[in-house]
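Structures are listed in the sections that come next.
What follows is chain A paired twice: with chain B in the first complex and chain C in the second.
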Partner chain A sequence: MPRFHGQSNHAPVDIVNQLQKQYVDYLSSLFHEGVLDDQFTQLQKLQDESNPDFTVEVATLFFVDSDKLINNMAAALERSPVDFKQVDADVHQLKGSSSSIGAMRVKNLCITFRSFCETQSYEGCLICLQQVKNECAVLKDKLQNLFRMEQQIVGAGGSVPLMD
Partner chain B sequence: MESCNCVEPQWPADELLMKYQYLSDFFIALAYFSIPLELIYFVKKSAVFPYRWVLVQFGAFIVLCGATHLINLWTFAIHSRTVAYVMTIAKVLTAAVSCITALMLVHIIPDLLSVKTRELFLKNKAAELDREMGLIRTQEETGRHCALWMPTRSGLELQLSYTLRQQQNPVGYTVPIHLPVINRVFSSNRALKISPNSPVARIRPLAGKYIPGEVVAVRVPLLHLSNFQINDWPELSTKRYALMVLMLPSDSARQWHVHELELVEVVADQVAVALSHAAILEESMRARDLLMEQNVALDLARREAETAIRARNDFLAVMNHEMRTPMHAIIALSSLLQETELTPEQRLMVETIMKSSNLLATLINDVLDLSRLEDGSFQLNIATFNLHAVFREVLNLIKPVASVKKLLITLNLAPDLPEYAVGDEKRLMQVILNVVGNAVKFSKEGGISITAFVAKAEYLREARPPEFIPVPSDNHFYLRVQVRDSGSGINPQDIPKLFTKFAHNQSLATRNSGGSGLGLAICKRFVTLMDGHIWIESEGIGKGCTATFIVGLGIPEKLNESKFPVLPRGSSNHVLANFSGLKVLVMDDNGVGRAATKGLLLHLGCDVTTVSSGDELLHAVSQEHKVVLMDICTPGIDSYEVAVQIHRLYSQHHERPLLVAITGSTDKVTKENCMRVGMDGVIQKPVSLDKMRNVLSELLECGHQMSSLARV
Partner chain C sequence: MASNGLVSPRRRSSDQFDGSDPSPCGSEEVHVLAVDDSLVDRKVIERLLKITSCKVTAVDSGLRALRYLGLDEEKTAGDFNGLKVDMIITDYCMPGMTGYELLKKIKESSALREIPVVIMSSENVLARIDRCMEEGAEDFIVKPVKLSDVKRLRDFMTRDVGDGTSSDGGGTTHKRKLRESFHESPPSSTVSCASSSAPAASTTRSRSPSPSPSPSVSSSKPVTATTDFDFMGFFSIRGKSNNGRHVEDSDQHLNCLKEETVA
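Take a look at the complex of A and B:
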């Protein structure tokens, strides 16, 4: 059952409820699909009056970080000979970031990616890199939707429901 | 002429002649006086001398003779009448004594002579007796004889085994056993006289002049070990006898008397005992030698087996790694492939590939595990873990499969089941998963019910099989898990085979499910290692089955490791909710991770500073910071070294900030390394709000003591 926190406002309750229901459904689907995991909820819990945009900030940080890392990896894989250790280090960073933010699919891909780095399989790394890129793009897209919905709710005077 | 009353010598004084006479008389006197002295001296020396009187007489006679001659000395010149008188008296006495002595000697001398002859006679006699003795002895030796005849292995002959003097007869001389005389002796338990001419008695070729003496023979029973009773004299229940033959010396007039025969019988019994002792001793020596040989052979076999096991383990370890690497590639790539766009046929193919490769991976793991289990080199990883979480996880893992088959899964955890237990979490989960998985596999409809509770003593007594009776104690308890399914059931006859590895249950259900047949065997091994038992009951085909297992788990103490001092906790529910103003330093080289941790701590009210490297940390750390959180997963930064440095900077405990490591790994090595460098706590990723809160509050309450918070 979703819990509510924050202040309530004066907009019509139906609209707020509807928006909230939409938000909850969307977020649930993200969990269900495995895009996000429990860690994301933890991050959401940290958001409070003193830190109202915590989640957004962290997500932004993640995307900047991941873009940089992906570019590094692509560059490293184009060089020859390929420095697998460097790629591995980058993947490790990405894995850490994604697990901190709760991006489960990205994290799992990173685990697979790392094993390819260990076995120094060039084709495997390339495939994984492409996958990671795609997945990050998907995640970015979905999180942007999510944050937009949050803003709508707050704009309508409601409060963002937290998942259990 | 004067009248001097002197006596003149008889004849005229002739100077030269007189001189000579004078001298001779002197010397005679001297000799005559010294002879008795010598006699006395030597007689005194000798021990026995029977003729003392004779000696005295003789001595007197000599002395007087000497005196006479001495006095004669004075008569050469003119001498007084006194001298003449003395001379006369002396001569008279001498005459008397000499005559008596002469008469005495007549008696004595024959005696003396006879002593000598007697002595000679005795000497001769002694020599003669010696000669005779020698003769008799040789006679005895040649004549008296004792021999022991033993039956040969075939039992058809008697072999001369022992004689008094070995070198005289060739040992190995045999006689057939069925001679009448031998039968006669064997059939009686008494000593019997036999003819000296019988073959057993005729050991030496007879020398002509010897008439053989009487011969006695007696049977000697050969006893086996079983003949000896403790209380009885050995019964003569054996059929095998040896023959003891005693021969009197030739030329001897001796006869065998009855009491002598009895003596011989007694001796025969003793000989029987001695022979059996000798046989036993020989037997035991042989057995001992055999045992020693066997020992050596066994030792060699053992060493060979050990070498073989080691070789196999090495092989398995290598093969395991070699097999897993390509396996992993197949699984990883197939899962990646699944994420891409595929036609339905392609998707089906990829799914099959995935399933098969998963099966293969499981098989590889199982085989390695089982072989390690079998040769006893397997050890459980004992640690504290959340028991309830194990069941929940199993449920989560099995729910998808169950829901596809539309099976209802219910989990009942008893209220008194402890939340935490000490044991091997991974293997326990493997066992539960295997059992539940089997239940799901073999059920087409209905439901699976899983119940878990603490096994009490009454349950334990009822538990089958009855020989398994575990005893719970203060620091461990027995967990009993029962999985009931409504599936196809098992034929009761097949139940014993279930736990045998590789044995396949050839019922309809298994043909579709595959499986290596190792699962239950491994479960059984694990359960046994955990001091428990597992069994399956089923009423028959189509009636479902119930799998039950009991394992022993430890009860964790207040603090998870006993190494650490027991910290007095006022109340475990008392957790600091607000850490306002607590200065915390966070080190993490990952930007997102840094932000996440910072957010967490800010939410808890801490005053957070973040750094991204070890050097920055060492620069930034100060006495104001109460807690330092370090992410130790970062490659390239030796966080342990940083911890050591901080220790060095702050040598006194109360000034040093508390060091906490944040790690993603779950293995013991990391925890040990943290302890080694002096960390005060370890948190495992992913870090939740509650986790951080608990860790910080514990640390701050307990100060600089290492509490193991790895699984909080």
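Take a look at the complex of A and C:
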């Protein structure tokens, strides 16, 4: 059985293959559902031995950022009168960072959210805020699953497949 | 140099220098100043630039950029804070000073106007693009920024360096040169010369102005998972003071959003 230098353990090849296949299937489903778009693949391509955690790091930054922005939006919507320009500015920021990591559904929700800011629709904004919150939570959950699968593959001595 | 000697069959570490494959830029690396208020975008652009073998300094505002370039109220232009900057890449929409305003200030400065400035924007608005190009921007990239965008910039920079005159003789046509080069297919080979990677704290570094950028020592991380991003809690950042959203004036809206956007 081939040995991989630097690996702490090495599972049988068919287990690695199975893990890799599950990973590819899961990631494919995320693209298929529109949770992620090609920009996510772009980020994965930037990962290598010198930056093995790049995608996780960017995702982490995104969630720190989005949490703060969502809290800002919620606070702004609670104030009277509502400063829709400020909410819009925060949504714009979230749209930008979600686009940069390939979080397509979040990005699209932000586009809708901005149109409600423009028309100064309080109810529309509240609904969008809730949807954005939910979508970020879903994304976080799915990315955690994805990264967990990556760790399992690497831990078993395999390499993480890149989507084309 | 990876200490465990692991070499992936797929990809070599960008920190390894392959002596048999000389860098097209010779011994000098391209130093890019990246300006973006978004922490996520700064991280991405920084990585994109490093992977194309550029030295990167990332700052989070136009003001900080000007300060780094030695162009602020107290100092005279040309009083450089650090290494010579070969290119500036800036986000358009930022609180305080927009990328457009930064561009204007740079082009107004006799010391800095020769530095190519690239604008990045999420909005693909022709009026905005034209305005930036008229003001002397080298190129305009629609976000999200991809590796192909940065490679194109890199190729442009290495063509420009050491070749003083452009083939069209410079002048106003030079402004369009980079945009037009997009239609040519850039060289497909990636550069694998030694890159100086700033320590991972470069994004937090922008908070406290440092007098000089990091030395050119490559620090490659070990392949095993680092403790900063442990598996179960890997969405929590420990010990980071900068949680990203730097707004110089919290009441200030993004002025760039007042522009008309394309339907």
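The rule is short, and it goes like this: the second predicted complex is superposed on the first by the 154 of 164 C-alpha atoms of A that agree within 3 Å, B and C clash if a C-alpha of one lies under 4 Å from a C-alpha of the other, contacts with A are read in each partner's own complex, and residues count from 1 in each chain.
Throughout what follows, a residue touches a chain if its C-beta (ideal position, glycine included) is under 8 Å from a C-beta of that chain, and two chains touch if they have at least 3 such contacts.
Bear in mind the structure is a predicted one, so any value in this text is a computation, not a measurement.
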Contact breadth on chain A, by residue count: chain C or chain B: C
Touched partner set for A:Gln152, first chain B, second chain C, both or neither: neither
Which superposed partner A:Thr112 touches (first chain B, second chain C, both, neither): first
Partner chain in contact with A:Gln18 - chain B first, chain C second, else both or neither: neither
Chain B versus chain C as contact partner of A:Ile127, first or second or both or neither: first
Touching partner for A:Gln144 - first (chain B), second (chain C), both, neither: second
Where chain A meets both chain C and chain B, residue numbers: 39, 42-43, 45-46, 48, 50-51, 54, 57-58, 61-62, 65, 89, 92-93, 96-97, 99-101
Residues of chain C that touch chain A when the two form their complex: 2, 4-8, 10-15, 38-41, 43-44, 47-48, 51, 93, 95, 122, 143-147, 197, 218, 220-221, 223-226, 228-229, 231, 234-237, 243-245, 253-254, 257
Sites on chain A touched by chain C in the complex: 5-6, 8, 39, 42-43, 45-46, 48-54, 56-65, 68-69, 85-86, 88-89, 92-93, 95-97, 99-102, 140, 144, 147-148, 151, 159
Contact set on chain B toward chain A in their complex: 325, 328-329, 332-333, 335-336, 339, 589-593, 595-597, 599-600, 602-603, 631, 633, 635-636, 664, 685-689
Contacting residues of chain A [partner chain B, same complex]: 38-39, 42-43, 45-46, 48, 50-51, 54, 57-58, 61-62, 65, 89, 92-93, 96-101, 112, 115-116, 119, 121, 124, 127-128, 131
